[in-house]
Amino acid sequence: MSNPDDCRAKLVVANRILAHENVMDAYGHVSMRHPDQPDRFIMSCSRSPELVTLDDLMEFDLDCNPVAPDDRRLYGERPIHGAIYKARPDVQAIVHNHSHDVLPYTVSRNLALRPMIHSAACIGHELPVWDIRSRFGDTNLLVLTMDHGRDLAQRLGSNAVVLMRGHGCTVVADTIEQVVMRTIYLTVNAKLQLATLPYGDITFLSEREIELSSELHFSSVSMSRAWEYWARRSGM
Amino acid sequence: MSNPDDCRAKLVVANRILAHENVMDAYGHVSMRHPDQPDRFIMSCSRSPELVTLDDLMEFDLDCNPVAPDDRRLYGERPIHGAIYKARPDVQAIVHNHSHDVLPYTVSRNLALRPMIHSAACIGHELPVWDIRSRFGDTNLLVLTMDHGRDLAQRLGSNAVVLMRGHGCTVVADTIEQVVMRTIYLTVNAKLQLATLPYGDITFLSEREIELSSELHFSSVSMSRAWEYWARRSGM
Amino acid sequence: MSNPDDCRAKLVVANRILAHENVMDAYGHVSMRHPDQPDRFIMSCSRSPELVTLDDLMEFDLDCNPVAPDDRRLYGERPIHGAIYKARPDVQAIVHNHSHDVLPYTVSRNLALRPMIHSAACIGHELPVWDIRSRFGDTNLLVLTMDHGRDLAQRLGSNAVVLMRGHGCTVVADTIEQVVMRTIYLTVNAKLQLATLPYGDITFLSEREIELSSELHFSSVSMSRAWEYWARRSGM
Amino acid sequence: MSNPDDCRAKLVVANRILAHENVMDAYGHVSMRHPDQPDRFIMSCSRSPELVTLDDLMEFDLDCNPVAPDDRRLYGERPIHGAIYKARPDVQAIVHNHSHDVLPYTVSRNLALRPMIHSAACIGHELPVWDIRSRFGDTNLLVLTMDHGRDLAQRLGSNAVVLMRGHGCTVVADTIEQVVMRTIYLTVNAKLQLATLPYGDITFLSEREIELSSELHFSSVSMSRAWEYWARRSGM
């Protein structure tokens, strides 16, 4: 991710892919850490992912203030991104969404999302659920302050995904491509696990299978095939 | 909603959006109260929402008679609209539909629709079910007379949504944009609740969360992002 | 249905609609009784409904022989049509399909399809299941002989729909438009009933509601709105 | 399958069909045995099936080495194909995919896929499940070596389909058209069986019905209708 222009273009494609694959609807957002200035991140102004263009991208500091403020409206939930980039220096890209397939796992205490298929191994072994109510009581459920963001980042811990009660989920990764793949297969696994659970006696991936399958799935040959496919389908 | 022409254009877009998002099929209708004459409402002649154009819009008095009758066919269920605009001076826009995701909740007495996700908070805390049979016995289930309409409006009460047994639902709101959002997320919540119910132990939104999330969701920044997205997808 | 050319054009549209609404895939067929010669019926040569054009239409006698044989391949299951047109002089149009939503009801003896929503009232009160194995033992399940066809027609009796075990269903009606509507809402009701059944305590339509709702749904104002919508969506 | 050029063109169409019918996403592959040289098979370089063109096709020996190596990336799971072509001289075409509808049957020991509808008879009476862990312990689940491939081929035995735990399935057939049909209806049956299982008391196809229905479904009149339909839908 050396050329900032390439990165920006890729961020636009990521928005389009996630919208086209029905992982995001009118809401949700994708960000990347600035490739040269790790204390900044890049994200669209307030616009649905399906419609994001290069011109919509803006830079923010890690307190979520725009570096060059103008009169455009901003996503209210910027603290999801700022707080996680602060807490997790390893993270380079973040997706927040309200994926329909994932939402049931955020509201029923009897459901626990776990990787069941090799292509979803990259969601990791543990997917904590964050309930904003635990610390902040009744709210509109959105992550609107850095306090909310820090609490969310703490629940995320060193994992790749954090589920958010009655709201959605947040996914982090080392690259834009990886965060897109992780987000898409999180959704696939969520859907398939819900279809299988009623029958019971399920073989989930072992911890070592998760590790080995993730590595394979994030490899260059696997990733470039999927990215070419998703990008073309999204019309980019 | 000051300029009547703008409002009419918006009403056409609302028809297209609800058809494109699969909330309405061949049937269903959207109306708005006349912006200058509160004792009138505007609605299409008998035409599927996906095909409605500006030329199809007609004005009706609150007894559902066309202000300027011509030879066009009319929706038979105009009394849904007339009766609610009479009973609820606060209501400015109404959607009636047969959304597939909502229908199960209208026929099983063991299902009760409740907001489970923040984006559906706007459907409100209570969603009464109206059964035309309770007062009118065996009918074709349609709301074809002002008597039917008044009974439906009474069951709706001060709520935002009324479910109709074996038929569909009716959604009301303060603006066209709000009635579209409420209708779409009603469908989303209905689908997700049905997927989650078998697992039990669900955290629904609290009353205060419903209030706070509704407010946020209907705010200008949230609404304009969604409306731009839905309108573009519908080809408008 | 006086002008034979108009009827033929409508039959093509019916093929396209049923394919576009996902009621038929590569297989299935629609036929109409000849408007002037009641001892003939019109149907496509062997071609998937989505691809049928005017040139594909052929005439058959009620023993299913082509009136003007040529070298085109024919649907193997013509006896469904011939045998029903013989047994039911009232029937003017027939659809046979393998609708996914309907298939579960053909194989589980614990499932009984019944109209639950007003728009599906037209499927009628009783939907018998025909199992070719009962009389013919092990076969390839297709209705390939007039003997098979007569047995199916007998099970259909005076109803509007007959389910076929492990195979699909056959729907009959007084007009092409009606057979299309009945087929589409059969699918909708089947899907919704399966979604609702796990929750129990369902209010199905009463016999009188079925009668009154059917009448309304098949009325000119209701039918013309739906036909315009379906035809346009199918690209016709 | 005499003309090698025709076969290659058909293989491209098969890729597009399986992608368009949602049986394959970014991953999965289709191969054919070389029509003139039975010790070779033809398959795309590493590319998503939806994007495969004639230029992507390459030849491999049965140890999965490219006959004319160049710098293109290859599918890692070539051993699925090489090992099965070695073990099963009758097999002329192979599909490997991660079909969502099939995956539940690979992970729950309480689910057994069986043909329930006549159009899926061709999946056969027995569908073994292969778990790579049984012999190879923790892996990334992929079939990356000839050892893996031989083990998979052994589990497939003389059947038409082998399910792969937490991974997907592999389907074999006598022709490209047949492997496409078998793969598509495997998915349909899997989806419908999952929808029906909760209700119990299911009539599955008998062994003789499976035999007779398969024969009919693979007949020229049935196959050509379906192939024309799928090819046109896929844009080919």
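For reference, chains read A, B, C and D in written order, and residue numbers begin at 1 within each chain.
Basically, a residue touches a chain if its C-beta (ideal position, glycine included) is under 8 Å from a C-beta of that chain, and two chains touch if they have at least 3 such contacts.
The shown structure was predicted, so the numbers you read here are calculated from the model rather than taken from an experiment.
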{"item": "Cα-superposition angle relating the copies chain D and chain B, to nearest 5°", "value": "180"}
{"item": "Inter-chain centre distance, chain A versus chain C - centres from mean C-alpha coordinates, in Å", "value": "46"}
{"item": "Rounded Å distance between chain A and chain D, as computed from the means of their C-alpha atoms", "value": "33"}
{"item": "Interface hub residues of chain A, defined as touching at least two other chains", "value": "198"}
{"item": "Pairwise touch network: line, ring, star, complete, or other", "value": "ring"}
{"item": "Pairwise chain contacts, counting only pairs that touch as defined", "value": "A-B, A-D, B-C, C-D"}
{"item": "Chain C to chain B touching residues, read off their complex", "value": "116-119, 121, 188, 191-192, 195-196, 198-206, 208-209, 212-213, 215-216, 221-222, 224-226, 228-230, 232-233"}
{"item": "Residue ranges of chain A in contact with chain B within the complex", "value": "25-27, 46-48, 50-51, 73, 76, 98, 100, 103-104, 107-111, 131, 133, 138-142, 165-167, 194, 197-198"}
